[in-house]
Each structure stands twice: as C-alpha cells, then as structure tokens.
Amino acid sequence: MTSDRFITFTSSPVPRMATWDLDDVITALSEPRRQSFQSWSPERTHVPLPSREVLLRIVNLLRAALFPFHFGNPDLGETSTRYFVGHTLNEALQLLEEQIRREQYLIQPECQWQEQQIKAQARATVQAFAQQLPQFKTLLESDVVAAYRGDPAAKNLDEVLFCYPGITAITYHRIAHALYCLHSSLLARMIAEIGHSITGIDIHPGASIGQGFFIDHGTGVVIGETTIIGDRVRIYQAVTLGAKSFPRDESGSLVKGHARHPVIEDDVVIYSGATILGRVTIGQAATIGGNVWLTRSVPPGAFVSQAQVREEIFDAGAGI
Amino acid sequence: MTSDRFITFTSSPVPRMATWDLDDVITALSEPRRQSFQSWSPERTHVPLPSREVLLRIVNLLRAALFPFHFGNPDLGETSTRYFVGHTLNEALQLLEEQIRREQYLIQPECQWQEQQIKAQARATVQAFAQQLPQFKTLLESDVVAAYRGDPAAKNLDEVLFCYPGITAITYHRIAHALYCLHSSLLARMIAEIGHSITGIDIHPGASIGQGFFIDHGTGVVIGETTIIGDRVRIYQAVTLGAKSFPRDESGSLVKGHARHPVIEDDVVIYSGATILGRVTIGQAATIGGNVWLTRSVPPGAFVSQAQVREEIFDAGAGI
Amino acid sequence: MTSDRFITFTSSPVPRMATWDLDDVITALSEPRRQSFQSWSPERTHVPLPSREVLLRIVNLLRAALFPFHFGNPDLGETSTRYFVGHTLNEALQLLEEQIRREQYLIQPECQWQEQQIKAQARATVQAFAQQLPQFKTLLESDVVAAYRGDPAAKNLDEVLFCYPGITAITYHRIAHALYCLHSSLLARMIAEIGHSITGIDIHPGASIGQGFFIDHGTGVVIGETTIIGDRVRIYQAVTLGAKSFPRDESGSLVKGHARHPVIEDDVVIYSGATILGRVTIGQAATIGGNVWLTRSVPPGAFVSQAQVREEIFDAGAGI
Amino acid sequence: MTSDRFITFTSSPVPRMATWDLDDVITALSEPRRQSFQSWSPERTHVPLPSREVLLRIVNLLRAALFPFHFGNPDLGETSTRYFVGHTLNEALQLLEEQIRREQYLIQPECQWQEQQIKAQARATVQAFAQQLPQFKTLLESDVVAAYRGDPAAKNLDEVLFCYPGITAITYHRIAHALYCLHSSLLARMIAEIGHSITGIDIHPGASIGQGFFIDHGTGVVIGETTIIGDRVRIYQAVTLGAKSFPRDESGSLVKGHARHPVIEDDVVIYSGATILGRVTIGQAATIGGNVWLTRSVPPGAFVSQAQVREEIFDAGAGI
Amino acid sequence: MTSDRFITFTSSPVPRMATWDLDDVITALSEPRRQSFQSWSPERTHVPLPSREVLLRIVNLLRAALFPFHFGNPDLGETSTRYFVGHTLNEALQLLEEQIRREQYLIQPECQWQEQQIKAQARATVQAFAQQLPQFKTLLESDVVAAYRGDPAAKNLDEVLFCYPGITAITYHRIAHALYCLHSSLLARMIAEIGHSITGIDIHPGASIGQGFFIDHGTGVVIGETTIIGDRVRIYQAVTLGAKSFPRDESGSLVKGHARHPVIEDDVVIYSGATILGRVTIGQAATIGGNVWLTRSVPPGAFVSQAQVREEIFDAGAGI
Amino acid sequence: MTSDRFITFTSSPVPRMATWDLDDVITALSEPRRQSFQSWSPERTHVPLPSREVLLRIVNLLRAALFPFHFGNPDLGETSTRYFVGHTLNEALQLLEEQIRREQYLIQPECQWQEQQIKAQARATVQAFAQQLPQFKTLLESDVVAAYRGDPAAKNLDEVLFCYPGITAITYHRIAHALYCLHSSLLARMIAEIGHSITGIDIHPGASIGQGFFIDHGTGVVIGETTIIGDRVRIYQAVTLGAKSFPRDESGSLVKGHARHPVIEDDVVIYSGATILGRVTIGQAATIGGNVWLTRSVPPGAFVSQAQVREEIFDAGAGI
C-alpha cells in the first residue's frame, strides 16, 4: 500500500537528549512501608487525610459569614445579606463536616470502621460548632474594640478589622479553639498553624482566651497549649507564654497534656519580648515590662521590669 | 523503645476494596510504536506539537487587539488603548511564533534540525502576519457593515459585532487564511476548526473571500478549500460550496490540492440549503434560491430556483 | 568605586534576534476614528460595553437557581437549598443589572447622561425580570415533560434536562425573550447567540413560544424574530421558520421590525429539514413533513408532505 | 463612655436605592414538591446527580491518555509517558467511578440503598470500561486513517487528529457507546451530548459503529439509537439516519427501545443532506447521493440519486 | 395518564440524615445592628469597602511595572517592554482609583455624598501617586545596592531583588507611605499589613525612610508610625523602633498621631534584637549593638552595647 | 448613503473625565539603562529570569511526591501511587531543569552562549538532584520523629507533618541546600526565602544540617550561610546562629563566602531567643539557655544560662 508511505503519526517521541531514568527513584519513593516506623499500623491508614487547603477555605468562608461586608461581598444589599450568610455558612460547614470525618477515621484506635457512627458524630460536632458562631462574632467584636482603644495608630474599627494581624490571629484561634474543645485537635492545630504562618503569631488551639484580647504587631508571639488568659489582656510582639520544663515518664517519653503554661488574669499588659514560663499566675491588672524573663507568679496590680527580675535571673537563669 | 509504640505514620494505604489493575492497560496505551502505521518515522516525531488551547487564546487576543472596546477591556481610556493593544498584540504574536515553530519542526521533510533557520522563519512569518492586521480590521469592519445592511433584525453595529456567528466565523477565517497563505496550514486548519465548533460554519482556511462577506445564521455552511468568493457576497445557513468528485492517482490515492470548489463572483446571494458543487462559476450578482442543487456555472445576474434546476437533477442527480 | 565592578542588574535585555517592530501596526489598530463609518458619533461611545462572558455566567447562575439539584450544588440539603437559591439569584441579578445599565448607556439616542434615571430603569427591569422566574420554571418543566413524551429514546426526565440540546436552547430562549420584551434587545441577542453556539439551534429572542415546546436533535434549526409558536409544538433538526423577502424603504434600506415570520398554532409537528417562509399560519395540530418547502398557510389538522407541495415549488420555486 | 463617640463599624449597609424583594421568588423556586409531576417519588431523589462538567473533564483525560502527545503533555519523554498515561488514566477512572455510582443511585427502582453493592458494581463497570481502552485506541487510529484517505484536503494524520470534527465526534461516541453497553445510559447520553455541542454531530450512544468510520464536515448529522454501521463507512454533513415513525402502546405512550433506525453495511458512502429513515438496510458498498430521501432498503453496490428516488417521494413523500 | 407513572424528576432531596438547622444562627449573624457599638452610624456604612485581594494585586502589578524583567514577563523584548509597562501600570492605577474612592466614601465625616467630588479627588490622588513611580524605582534600586553591599552572603543584585525580604518590605512600604501622604491611610495600612504578613517586618506606613535602606533577615522588626529614618541605614531582625508610652486625653482615650517614635539619622546601624523607644534621636553613623534597650538619644558616631546601657536598665528598666 | 446615518460603532471612547497622562512615567520606567549601575553589562541580561511562582510550584510538587498521602492526592490507591509519584516528579523536574538553565544563562561570566553545554549541565544537575530524593524522604522522616519526641503538645506524626512550621522550614531547606551544593545558589536562595516567608524561619541554603532536626515555634530563627549543625539538634523560636563581624578587603568590599557562623554538634539544645555569633563550636549535647548571648565556644555537655554569660556580656557586649 504505497500510498501510505507518507502517512505520519506522532505517537512515539525520540527525545533530543538522554531522558532521566527515574524508575529507581520513583520506586524508592513509592515504597509503602517505612521501616523507620516500626509501629506503623497498616489498618489505620487507608483513609483520606484532612487537607490544609480545604481548611484555609473553611476559615475564609467563616470569616465571610461573620463579617460579610468586610470579608464577603462588598456589594451586599439588605436582603441579600441573609442569603449570602446562609449560603456561605452552609458551604463552610459541609466542608468542615467532611474534614472532621477524615480526622475521626484517622484517630480511631481500633480500626472498627463504624462508618455511620463516625458520620453521626461529625454531624453533631459541626452542629455544636455552628451554634457557637454568634458568640464568636460578639467575642471578635470585643477584640476589635480592644485593639482600637489600645493603639494610638488605629484610625477606626474598619482599619482594625482589615489590617491588624492580632485580629487575624485571634479569629483563627477562636475557630481552632472551638474545634479543639470538640475533640478535633488535628484540625484545630492545622488551622492554628495557618494563622501562625499568616501572622507570625503562634497560639496553640488549646489556649483559653477571654474577650477583648489585643496583640499588637505580634510577630514572634508564642502562647502554649495550657495557657489561660482572662478578659481585656494586651500583649505585644515577641512575648512568650511557655512551659518551663517537660517532665518525662519512666520510659523517657514526654508526659503529654498536663498544665504547664501561665495563667494570665484580667486586664494584664505584657510588653514586647517578655518571656513567662511555667504554670505561674500573673495577677489581675499586672504589667510585665519589655524583655522581662519571668518564671514565678506575680500579684495583682504588680509592675515588673527587667531590673526587678535581675536577681532572679542570676539565681535561676537556666530557667528554661 | 516502647514509647514509639503508638507512633503512626500514614504512608501506605490499604484500600477498602480491591484496586483496579491498570498496569496492562497502561502498558498497551504507552506502547510507542503503532504497528498499524508502517510508515511511521521516528525521527520526525520528537518535537512538541501545537496546542489547540494556545491557538484559541491567540485568536482571542487578536480579537481583543482588533476590537479592544468590544473584546478587550471595556474600561479603556484614550491613552491606555494604545498600551492595551500593544501589549495584547505582543502576547498574541509571541505565542503564535512558538506555535509556528512547532508546526515547522513537525513538517520538515528530512529532519535536518536547523534550529536557527526554523526560528528565523517563524519570526519572519509572524512579522508578515502582523503587517496584515490593520487590513484585517478594515475587512472585518466591511463584514460588520454588510451584516447590518443585510439583516432586518440587526439593530446596530455593536449587536452585529457581538452576536453574529457569521462575524465570528469570518474573523476566524481571515486569521486562518493568512496563516494558510504563509504556509502554516496545520495551524490554519486548527484555528478554522475552532471557529467551526463555535459557529457551526465550516470554512476551509484555503478559501479566498472578499470584503463585505455576510453569512446569516450559518449553521451547516460548508465552504471548501479552493473556493474563491468575491466582494459583498451573502450566504445563508446550510449552504454548501463543495467538490463534485475526488480524482485519484494511478495508485488509488486522492489527488490533493487541485481547484475543485466553486468561484462565487461579486454581489452574489445564496439562500439557505443551496448546494453548489465543483469548479463552477456563479456570475456577478446572481441569486441562488433556497435548497437549489447546482453543479454547473451560472451567468451574471441570473436567478436560479429549485424549479429551474429540476431537469438537471433528473439528468445528473447523482452529481456528487 | 571598583568594588561595584561586578554588580549586575538585569533591567535591559538585548534580544537574541531582531525584535519585531509593531509600532506602526499598533498605531493603526489604535486609531480612534474609523473613517469607514462616517456617522460614527463620538459622544455615544465612551461607556463600557456589555460582556459576553458575564452574560454566560448570568445564564449559568439562573439555571442553577431554577434547577439547583441538576445545575447547582448536587449536595444540597433541604435547608440549604433556600440559601443557595437566594444567594445564586442575587448574584445573577446584580450582574444582570450592571449589563442592562451598560446597554442603556449605549443606546440612549441623545446622550443625555441621566445616570440616576438609567440606574433606576435598570433596577426596575431586573425586578420585572425576577418576578417571571417562577413562571419560567413551570414553562421549562413543561418543555422537559414534552421532550420525555415525544422521544422514544428518552429514559427519564433527568436525562432530558441534562442532555437535550432542545432544553438548553429553550432555556436560553426563555431568558433572552424576557429581556427582549423588557427592551434589552442587545443583551437578549447576545444570550440567544450563546445558546445558538452551544446547541446549533438559532432562535431569535423576539420569537414568542408557548409551553411544552420540544426541539429534537436541533442542529440547524432557525426561528426568526417575529415567529409566534403555540403550545405543545414539536420541531426537528434543520427546520427553518424564516422570512420570505425583506422590504426596503425608499432609501434602499431594509425596513426593520415588521411581522415577517410564520405563526405556528398549538400541537403542530414539523419534521426535519422543513422550511416555512413568510407570515403564514400553520393551523392547529397540522403536520409538516420532512424537507417540505412552504410559503403559504396550512389549515388546522392538515398533513403536508413533499409530494403535495411539489407543484407549488415549480410555480414559486424562488420563494425565498 | 464618650470616647467611643466616633467608633464606627461597617456592619449594616443602608443601600442607596430600594433593594429588590426576592423573598417570594426564592420561596417559589425553592418549593420542593413540583405539583406538575404527580409521579414524583421522594425516596429516589436524595442523592447527588451526575455532573456534566466532570464528564467533560473525564473525556478530556481519556483523550490525553489515549493520545498523550496530541492532547496530553507535548513535552513528554520516553519514561515519563508511562507515568503520565497511568496518572491521567487513574484520575479519569476515579472520577468516572463516582459518576457511575451517582447514576446507579438515581435509577435503582426500589430505593433499596445497598450502598456496598452499588459501589462494587461501579467499580466493576469501570474495570470493564478500562479494559476496552487499548481497543479504543486501535479503532480511533483506524478512523484517523480513514479520514486521511477520504479527504483530499487532509495534509497528514496529525492534522486529522487535531482538526477533524468527525474524529472528535467518533471519540466521544466510542466512549459513550461503551458506557451505554455497560448500562450507564445516562452518562452515555450526557457524554454524547457534549460531543454534539462541540461538533454539531448528533450520534446516539446506542448506535453501533464499525472501524474506519469517517464523517466529513459533519454539522447536522443525526444518527439514531438503534442504528448499526459497518466498517469503513463514509458520511457527509447533514445526513440523517433516523426513525420513520414512533409506535405507541395501548395507553398512548411511546414504545421505547425497539429497533427503528437503519442498518448501514460495510463500505457504504452517504453524501451530504441524505435522509434515511426506518429499519432499512443499505447494502455493502452502496452509494447514497446528496439530499436523497430514503425509506426503503438498498441492495449492495447500488447507487441511489435524487432522480431515482423521485417517484418514491411522490408516492410516500410524507414518509416521516 | 398512567404512562407518567414512571416519570421521575429530581427536585426535592430527602437527605439521608437530619440536616442541621441553621436558621437561628444565620439570623443572628445577619442581624444588622451591632448593639455593642452604640455610636454606630448607619448613614456612613452603605458603601462597598476596600478589598485586600485587590490591593495585593495592585502591589504585584506595580512591582511588575517597576521591575518588568524580574516580576513581570521574563520574555519581554525591547519594544514590548514599553507596552507591557504601560498596560500593567494602567491596570494597577485603575484598580487603585476604585479603592481610593471606596476609602473616601467610608471616611467622609458628614455623609454628604458628593460623588463627583470624590471621583475627582480619587483621580487626582492616583495622578499624584503615578508621578512618584520613577522616583520609587530609583529609591528601590538604592535599597537593592545597599543590601548587596551590606551582606556578605549576597551573590548579585538579582538575588537581592528576588530573595531579600527586606527588599519586599521596603517595596510595600514605599507604596504604602506614598498613599499615607496622599491621605489614603486605610489603603496604606492594608498594604503595609500585607507586606508584614509576607515578610514578618512591620513598618507603619507613616514612617519616613531615606534611600539605601537595608533590613537583613527582618523577622520581628517593628517600625512605628512617626519614625524618621535617614539615608543608608542598616537594621537587623527583631529590632523595634517603638513608642515609650501612650498619653491619654482627659477622657481617658489615647491621644492619636503625635510624634512618639525615634529619629534615626544617616548611616546608622542597629543590630538584631535592639529596642529603641520614644522620640529619641540616634545620631549620624551611630552603631547600636544587639539586644540593646534604649530610651534616650545617642550622639553621632556613638557605639552603644548592652554593657553600656546596663545601668540605665537598672534605673529605668520599666521603660516601656 | 443616507441610510448609514444611524450606523454607530463603538471604537473610540471619549472618557468622562480627563484621562491621566502616563506617557512620561511609562517612558521613565521603561528606560533600559540604569545609570546608577555603572557596571551594568548588557550582554548578560537578555535571558529570561527564574520565576518565584514556578519555584513555589516545584517545591509543592516535590512535597507531594515525597509524601503523596499528606500533600498529594488523599484518594490514592496502591497502584496509582506509583503513577502519581512518577508523574508528579516528572513535572517537578522538568520545571526545575528550565529554572536551572535560566540561572546558568544569568551567571555565565563571559557571555559565551554555549547553549548545548548549558542544557547538558542543567540536565545533569537535575539528575543528581533527583537521585537524592529518597535520602531526603528518610531525613525528613527523622525530622518528623524528632519533633514528635521533642514536643509534649504533639499528638501524632500526622499532626507534626501537617502542622509544624519547623517541618515546613526544614523541607524547604533540604531542597534548597541540595541545589546550593549543585551550584544553583540563586534558585536555592529563592526557595529558602519562600520557606522563610511561610514560616518566619530564615535558614540560609548554605547551612549544613544533620538528621532529626527540630525547630519549635520557629518565628524569628536565623541560621547563617556557613553554619554546620549535627544530628538530633533542637532549636526554639528567635534563636540566631549568626556572624560576628564582616571582614572587608582592601577596597572596602565585604569578603564573601568565608566560614563565619557557628558549628553546632550533635544533640545540642538551644532555647528561645538565644544568640550565638561567629565561628564558635557548641559541643555535643550542650544546652544553651533562653536569651543567652554567646560569642565563644562551649564544651560538650555544658549548660549555659544568662547568668553564666553575664560577665562576658559586660566585657564584649558589643559583640555583633
């Protein structure tokens, strides 16, 4: 069939230079069993994992539902607000339910795939979460007012809500903390870490924080898992509320979950760079000066400066 | 190290139901050599092929550069138009140059990869193409005016430019035809086929078409490769300007490229469903009635209706 | 400052081959005044034009609001449907209001930019349009049932709604027709043309169509501006309901807008390829056979085949 | 607290003009029960429906897996082809499995939600589908060669694969037909309709088509559900292979599914505009001329032109 | 009509598990009036608010216009650069004008909606901003050279421009500062905060900064609103240029806007972790050591280390 | 031609208010030669530059290939994992090869455009990089386990891999360091800076870091170019491993590239805020307390607190 002599069909390329041979690399990377994890349990791992991208989307949807004029649709009219909020919330909660289900599958200890139970539990968790949203809005508004009152550079509430990283951080935290309390601690941590990446403010979702909380500038702030913070507390950049030491059990493993971070009572102010370590209590309306290093409790109304804590440092300097 | 007993790491899923085994299918599909194409030439095929998506983007950019207010940025001011057009055109032509280069690599007969030559040729082709753009704009404006004058339903020129599939079809054709004349016949065909898909109007890029061309409705129109159409011609839906028969060479293969489609002179009107086959000439200002089936030439000014051609049909009805 | 000898900064490329010189082309394309349009009126043209992309989005949003389970969100629950529909509708109507405003600016004859008036009128038009949506849904459901009953290949209503191009076409038409009646004829035409491009079915938005309308296959169907179609009419592919001739005024221009297309009464069936031209009436429950060419009225209940119309063709064959 | 006098917070807009009141419209559109469908069965309808967008993506992925150099990644090397094909196929089949599951939920007659059964069946269907892909590739290559050999305008096989709407149509058809045979007739129809929209060629997924099938131009072609087409058949634009009449049962409903479309044997050619209706047989290597209207069988090798069928038209002209 | 018995239509889902009831939550969140803000003024709030996403896009466009080869189109030729820059700038400034208008609506004290005035003012602001862009480019180039000269790890200017967070921060600052000076302080703050989030460097847009400014590493740097920084200043990570105390007026509210941050003269270097608080002056070419805590002025050329300021700390340690 | 009196065509807008005149600004910004860089070498700059966006995509693809279940496709089955990893890796490496080529063009000292050489070198670099990926995975897994063991708040390994910024930072670093060692130092720096922006942790790609490395919280950490870190080292937020001083050559320029940062031996722990400057050695298993400022070496096993280093501070406080 000579007429086909010039038929050409591009289905097998001959590359211009030697292609890389990745087969070995791919095989190594696809190797299912990681020998380094001797306790790896295959039964627990065949479920889809939560997704950071989806969690980011969930938080953005929740913010839009909480503050539709600032983070939703700026052209909303009176009537459409309700539909916008309802629709946005529905989307957020549907996505959240699926992520909660994924976490539940992952952490079930005995691999009994009681699918209906897990679904019902995820549904109940989302319900409980949703009921708290109006309270979130009130709390976040108290945070916005606190920032406005606490910073001479703040021009109006809109600026605070739009611009202050402390507001972003506390928004992420309040969402993450609610999930933490509802036993979705992995999702809570993932959400907290997104907030940390955006703001440089690292608040563990376990921390309990009252209303009217204000962090100014914020980069470098660290607030630990068992911290308790009262109402109207003000904190500046690079403040650490940390643990003093990590007890280990007889096998040498860290003891997890015990109360090891400070209690900050109402109306306390902590200036930039201060470090407070251990389960100590900073009494109501106390002020902690910049760069102070503290490992003991402070009475209400006290004013602690670097000079005052110097001896303590000399004595207990290794207080880490 | 008993404390690692509960370390878990999700890196090897055990799927809930048997996975499909696609290895054989994938192997079969990845098989490089297609045995059915005995003339397949491996040397010619190791280059990236043109992309339909990129060509669609190129046409959209060119349309935006030709009619920036209708297909570009509706908020353009006087000054910014020039920058918009310049920037849009640059982007279109850079993309086009790459596509032309890809076609050139593909069709070079002897696989002598003279890369610099091909690059220089692609650059020259784009230059020549770009020089024709102002003329395109004039031609397309003549087409728009023709449609406005020819259709009582047309309310204004904007409606014609926005809505008429005939205008979309002729825009694609004028671009495709220019590339066809510049020896980029594969790109020309790909662009023509995008236009065909959008409008249902199938114009081979080889067809030569004068100014003031108007196709109304258009679905089902077919205009063949060697068709020649004069100025101010008007055509309705389902008109075919086709070939009558396909001569074959001594080996039985089709003879490609000879003149086999009609010549339509200036000011001709062809109503819907008419079929004109072969290298016949429809004389100036002739009118061809709806559903007429024609395989012979028609003098200038003639008016051909179904009734008039009936005998001819009885004689030569199989005239395909 | 010799230490700067090796400072390099990439801000001025020297291209490897001569760049194209597009300045002349760009100048020609940016030339504001098109000399070919002597009546071009600069005062009327400084407003943003409607956008085909936005109109496509509007239609998709409206379809999702009308049939949320098929074209909206397949995971909708009972409660969320209402919010989804409300939110989707709001977005569609906001976008539509802006497009209506743009058309109004464009077509105002005397350039009196009474911005508030135009805004109020656009708002009123959208209001009137929105009020018709529940009726649209009822009409479209009647079309879906008609298709299901009329096609032996239809398995269920979902298939009809998802798959039938006739349903897509009538959806676009019902939206476009409503806008046409509300004096947004440019938007109406643009929407109709999108539907035409998707389905190959060309219905002018001026055409009036009753309930239970079914077009099967549909490619090549043309329905003209002043066509009137009753209830439960069925049409097949390549049917033309067109105009017979275009009267011109004393200046030689087309007379625009007069009634020139057929009236199709209730329960008529028109088989594929039939052509009906002029302001004729096809009486109730008449059947028009395939490929029939008709330029006269037909009484109710009549059955017209190619054979029956042959003489007519011989007499009036040029009936275009 | 006078200092708050100037605190402002943008959470309640007062729109500049009266907002539209959509509550009634939204209520009407969200009304769950459509009274017009008295047989509507609530138990069957609470499952997510298939998605046209996802099906379009599936077809694109399958095309990329079948022809990775033309529709996949033009920069593929020898090694990476295999990974590209495998990955692309996996994605396509995972998406397809979910869509099949959705169809199964929808069409189960007695609403017994045997979820595991449906999942297993969907998995099995996808498996069976995947096994046919290598054969698809062979068939489609035969179609490409047929087009190259049948059209003098075709320059090479790449052009045919890239540009010919007939190739696009047969690609969609072969995928849709396989699903139709695997009892996913809704998905099959949805895929077929996407192909119809792109090409103007309407092939019902039930039609059985042999190898080396070529449709040129194609706009307006209609091929019915029970059509059977042999090998190496060639068809031109606007050809209809349709049904002659639709029998109804005693209740007046259409009888669905019986053989009612033509059988086209090997090597037949059917020219543009021809209409063949009913369960007739066009014998091997027969040629049907342009615009011919046929409702009877034709022997092998016959040549049928308009003239030859004229009497028949006069006799049986209403043959619809 | 028994034949409809099997007609099904999916328009009312019955969800598999009880849906959540969000109506109360949605009502609470949509509640227009926030009781907690007694001074909330409804007249001021019915305008669209600025958008953080749009501001991010504006900054990216401006960076592309300022450094088209690094942040624009890497394939720019000599000719196209001009069109790229012009087009990019136009888009940036159009978007900016709209955002400025939104801020103006928001902050107008007496709600006199003099729309034309606001538009004219926004246009004038954008004009003034655009005029400064060439100067920005010169300033930013001086910053790039300063970083190259100041960091032994810097390999070339391209690396500095691409990689150094200090360059990113100063780019955002110079844009934000210009807007701050043009009375768009909300946009300025929003832009500054985007830069803060990306780099961890928090510069208030009110701060005035000379040429050749270099921040190395940068995380944790805070520069207050009324800071004044001369030419060729170098700063390291975690440096704070802050306020010492916040005076309140008789009502207890913060006094906003007075000069309360340091003045840093030319050629000063401030090492990491240093804190300088209050309206003090650091004299020309002075060096401030790492972790130094300073609340008093320093003469030109001085070298201040932790040891030198120790007494001061003991005396005034609470200097926050 | 009076009938054209009402023809309108929107091609020249007359803006409602004076447009801005940007021509001078655009000219200034497009000015090719930056006079401020006297050493600017035109021959070196006509090549496309690397792209930060593409590098971000490369890192994301590599992460997905290394941990497909966490950062790739959560629905992967056993079979498809291999294809997913292979395909993802191919895409990552193809993109990387192009970026490496761009860097090579940029930094070639004498502008000898030996294109083939550069291509071959880029290919070889990518090959060498790819071979290290399995080792990367092992190293990163050791880092994950170290974080799990070192933080009492860590609940499981998945949480660590998903959430810990220290893991993100070390992932970016290990990729960047490999490129640094393969002489792609610009790409390395760009990748490192992306990681810095996301995590607030600034690790120069030149730093050499052993296995089991754990950074907790991390914001403000700075690790310099010539730092060497052993196995199982633990570091907290705001730790600086920096240089003490920057020697200059006789011309006053910085001497680049010499060893100037600390050596940290195995099992060292450095608490938050500690600063270690210069080429000093922290001996095996030493512990450095919070906020310690160190400019001298420390023996193995030592425990250094603020109190212990006080004298040193008084002596050498300006040790920056």
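Order of writing sets the labels: A, B, C, D, E and F. Residues in every chain begin at 1.
Simple rule for what comes next: a contact is a pair of C-beta atoms (placed from the backbone, for glycine too) under 8 Å apart; a residue touches a chain by one contact, two chains touch by 3 or more.
A quick note: this is a predicted structure, and the numbers were derived from the prediction, not measured.
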{"item": "Relative to chain B, chain with the most remote C-alpha centre", "value": "A"}
{"item": "Self-contact between copies chain A and chain E, residue sets same or different by half", "value": "different"}
{"item": "Rounded Å distance between chain E and chain F, as computed from the means of their C-alpha atoms", "value": "24"}
{"item": "CA centroid of chain B to CA centroid of chain E, Å", "value": "50"}
{"item": "Interchain centroid distance [CA atoms averaged], chain C/chain F, Å", "value": "54"}
{"item": "Multi-chain contact residues (two or more partners), chain C", "value": "3, 6-11, 13-15, 20, 22, 26, 32, 34, 37, 45, 49, 69-70, 75, 77-83, 86, 89-90, 106, 141, 145, 149, 156-158, 200, 219-220, 238, 253"}
{"item": "Chain D partner contacts - residues on chain C that touch it in the complex", "value": "65-66, 68-70, 74-75, 78, 81-82, 85-86, 89-90, 93, 119-120, 123, 126-127, 130-131, 133-134, 137-138, 141-142, 145, 149-159, 162-165, 198-200, 217, 219-220, 237-238, 271-273, 287, 289-291, 303-308, 310"}
{"item": "List of chain A residues in touch with chain C within their complex", "value": "75, 77, 79-80, 82-84, 86-90, 94"}
{"item": "In the complex, chain D residues that touch chain C", "value": "17-18, 20, 22, 25-30, 32, 34, 36-37, 45, 48-52, 102, 106-107, 185-186, 189-190, 192-193, 196-197, 200, 202, 204, 206, 219-220, 222, 224-225, 238, 240, 242-243, 246, 253-258, 260, 275, 277, 293, 313-315, 317-320"}
